[in-house]
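Input: one structure, supplied below.
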Amino acid sequence: MTADDSHDDIPVQRAAPRIGHRGSGDPQVAIDTPVVFDLEDVAVYYGAFRAVRGVAMKVLKNQITALIGPSGCGKTTLLRAFNRMHDVIPGARVTGKLQYHGIDLYGPQVSATEVRRRIGMVFQKPNPFPKSIYDNVAFGPRVNGTKNKIELDAIVEKSLRAAALWDEVKDRLGSSALGMSGGQQQRLCIARTIAVEPEVVLMDEPCSALDPIATARIEELMRELKSRFTIVIVTHNMQQAARVSDRTAFFTAELDSANDRRTGILVEYDVTQKIFSNPSDERTENYITGRFG
Amino acid sequence: MQLSELHARSQHADRAFRVLAVVAATTVLVVLALITVTMSKRAWPVLEHMGLDFFTSSRWSAPEGIYGALPFIFGTLFTATIALALAVPVSLGVALFITQVAPPWLKKPMVYLLDLLAVVPSVVFGLWGVLVLSQHFGLGRSFLTAGIILAVMITPIITSLSREVIETTPQTDKEAALALGATRWEMIGASVLPHSKGGLVGAVMLGLGRALGETIAAALVIGSALGQITLDPYASGNSMPAVIANEFGESDGMHKSALIALAVTLFVITIIVNLVATAIVQRSMRRSRGT
Amino acid sequence: MQNLLMNKPCWLIASLAVVGFTGGISAGCKKKPDDGGGSTPGSGTATGGATAPSGGPVTLNASGATFQQAAQEVTIEAFTKANKHIKVNYGAGGSGKGRQDFADQVVDFACSDAPYKEADVGKVKGGEFFYIPNVLGAITVSYNAGVDKLQLSPETIAKIFQREIKTWNDPAIAADNPGAKLPATGIVVARRSDGSGTTENFTKFLEGAAPTAWKLKSGSTVEWPVDTQAGNGNGGVAQIVKSTPGAIGYVDLSDAKASQLKYAAVKNPAGKYVEPTAASVTAAGDGIEVKDNLVFTALNAKGDAAYPITAQSWCMTYAKQADKAKGEAIKAYFKFMLTDAQALLPEIDFAPIPKSLQERALAQVDKIQTP
């Protein structure tokens, strides 16, 4: 835990676990880098269907962690487990150990809305509210109790600046967010997410609907935001993972002997450079070099 | 050769479809125009006889040849207002419950039940109103009783349509709010309602249209008091369709003309309501689209 | 068919045979077929004989007064039993609807509590037509006021229904009921919500009998005061009277009896208070003046025993029938309605038309021409 961590209104384990060199798929971790998420044997089910299983990994603070892999490997499913987005899907459930700063995210005392306030999410398709630009950014702070207009104005400006959007929209904060371009909308969604000052920002293929220029801007933004937030990104784009992430987890789908359906598994998790230059698993190498997926 | 035949045939089908569409559209317009013309023609004698007093006078005496429709216009709007005031919150609540809260095992039967209620003939509601509301609960025959019956009648329709509209809210829109730490209720306010606004107004207006035009149920419970203009919901009153239903059979001459003029007035009011609704829907859609 | 009829009284079978059905039913009846007519009131002229053609099936469509719906129903039931090939449909949509339907030639005959207005006669498309009076009935002033016997004068009734008299112990009511103990409860007035011939006859009675007191004029609907209760149909008004203490309303006799209501004796032009009964209605029929076209009013009829709110009803059909089979069927049905069916009316609380009128009506039916 760093000193500037201010999320002490939920019981956060002060002595965050220090990471050693143990466990399969456990990457080399610098001593003293706090662990944000600690997963052991995590599986996600949709009804009887097991979408992903046996995931063990540690997500580190102020790093960008990329989840890559072919379609149907469960990477998005896993991402959504990080902020309990599965709660709203009937029949979906998460098993195994999924700790956030040492606290069981799915523990009985933990409120999903509190979790999501600390762990924000940016989606594949830009999804601003059908409201004004200002109201989009102010929505999160408002539901979290900020009513003061001056305070809100400051948060909106700060968030839009952080999302590199302020100069483009400062003169039309009152106009509808749906009138913006796709790239602007996605940056607005990022601004909206960071306006609630989360610790973690989850990004689910945030650039898949954007053109290369807009994509480049988002990637640049992610590198800037890294100093303030921990970022977990799901991406189809291996170059993107190589460009922006510190660590990469490679997933694939294998036939599940339990129910004869394809289930996602974590193959390899390591520092990004190693994954892309010298992967230890053959399946990773096949995928990286384009022989699979 | 074969290719050109195929080409010609597809053009043919296209033209046939266009002709069909034009004919269908024209038929609707012609029927509407015919209704307007024939009804207005038959309503004309009383409008000539009464002038604007037809809309502003509150006396309706067939034996004396005095026809003032104001109390009936008032009664129609008043009961419809009561009905909307009761039905809209309930309908939206139920629609939101079904779409956002209810577990799947409860959702299906509720949807089925509501769709079933939406097609119950109005006379059934009317009789229920007479037996239960007026007699058992002692509400008598009044604006309020009529308003409640109309509310009961239009609730399934508004709920059913609202549910379908709300259901079209993209999951990602809802997740956007949830991912910001919004509660379910805040999510509804941020995503579901803004997304569905246009469709919800449309659903309410369809309900209003039915409430305005509802005849049998209103005729049974509104009390058929003549000349009553009061905001007291417990008072007996009358509405345009109820008067037409009650008096048309035994009417003749000027009296019949007056009843037809009531129908024309109702027709015009319904058209105005629909135009206003369309305008509201379009404006809200334009605004949320940001153009 | 024969077995069914054997359970019926002999006179009925016999008279049915006279009117239409000619094939072997008399076998089930010990008496001679032609003695059937004389044994019941009002059927004396039946032997004059209508012979319905027994050819192909004929359907007669009719619409009109709800007032005589019950009368039409029993008539149709008895008539079609004897004339299997004839079907009669009576749609009780109201007198006004009946007149309209008849004028538009969408029905074969229609029944109405009121004749056409002078101006509307010309609008009847089928040309000359006949009014055939067929039934008389009382409109009661029914009440629910904890008084056993109530007497009311037309002026008092007028004031009650105009909401000028609002309590049961009003001096005007007391004056009509010397010595009676009247409650201090308020009066609730029940009236029709729908336009109706009953309302028309009731208000015409008040217009005629209490011309100064009654100000609402007469018609199928009048401008009732706001604080009156409206019921749909005779049954609706009867329901209000029955369920509301202090209520008073005008209801036809059969509905009033069916709802077990109490009804007032009403003061007639001879100054006598008369209760509505089959006898007092028939007495009213004796005191009427009938025009050449058989139009008359039974309201406020002369005679000590006449009930003053006695309403009448006509059936109307064209003088020149366009269709032979239908024309013959209408003649047969009308003759049956004027003869044997008259005897069925008291059972459903209506009264037959007086004999003199019956003869004139039958003569009119004879004038109906068929191709």
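As written, the chain order gives the labels A, B and C, with residue 1 at the start of each chain.
Following the convention adopted for this analysis, a residue touches a chain if its C-beta (ideal position, glycine included) is under 8 Å from a C-beta of that chain, and two chains touch if they have at least 3 such contacts.
These numbers come from a predicted model, not from an experiment.
J.: Touch graph across the chains, line, ring, star, complete or other?
T.: It is a line, because the chains touch in a row without closing up.
J.: Farthest chain from subunit C, comparing Cα centres?
T.: Farthest chain from subunit C, going by C-alpha centroids: A.
J.: What chain lies closest to the overall centre, CA atoms only?
T.: Smallest offset from the overall C-alpha mean is found for B.
J.: Whole-Å distance, subunit B centre to subunit C centre, using C-alpha means?
T.: That gives a centre separation of 41 Å.
J.: Return the distance between the CA-based centres of subunit A and subunit C, expressed in whole Å.
T.: It comes to 86 Å between the two C-alpha centres.
J.: Give, as an integer number of Å, the spacing between the C-alpha centres of subunit B and subunit A.
T.: Measuring from centre to centre gives 47 Å for this pair.
J.: Could you check subunit A for residues that touch two or more other chains and list them?
T.: Not one residue of subunit A touches more than one other chain, so the list is empty.
J.: For the complex, give me every residue of subunit B touching subunit A.
T.: Spelled out, the residues of subunit B in touch with subunit A are 103-104, 170, 172-183, 186, 190-191, 194-195, 287-291.
J.: Which bits of subunit A are touching subunit B when the two form their complex?
T.: Per the touch definition, subunit A meets subunit B at residues 83, 85, 88, 90, 113-114, 116-118, 120-121, 123-125, 127-131, 139-140, 143-144, 175-180, 189, 192-193, 196.
J.: Under the touch definition given earlier, write down the residues of subunit B that touch subunit C in their complex.
T.: Contact set of subunit B toward subunit C: 59-64, 66, 135, 141, 219-220, 223-228, 235-236, 245-253, 255.
J.: Subunit B touches which residues of subunit C in the complex?
T.: Those in contact with subunit B are residues 93-97, 99-100, 117, 119-120, 193-197, 200, 203, 216-224, 226-230, 232, 243.
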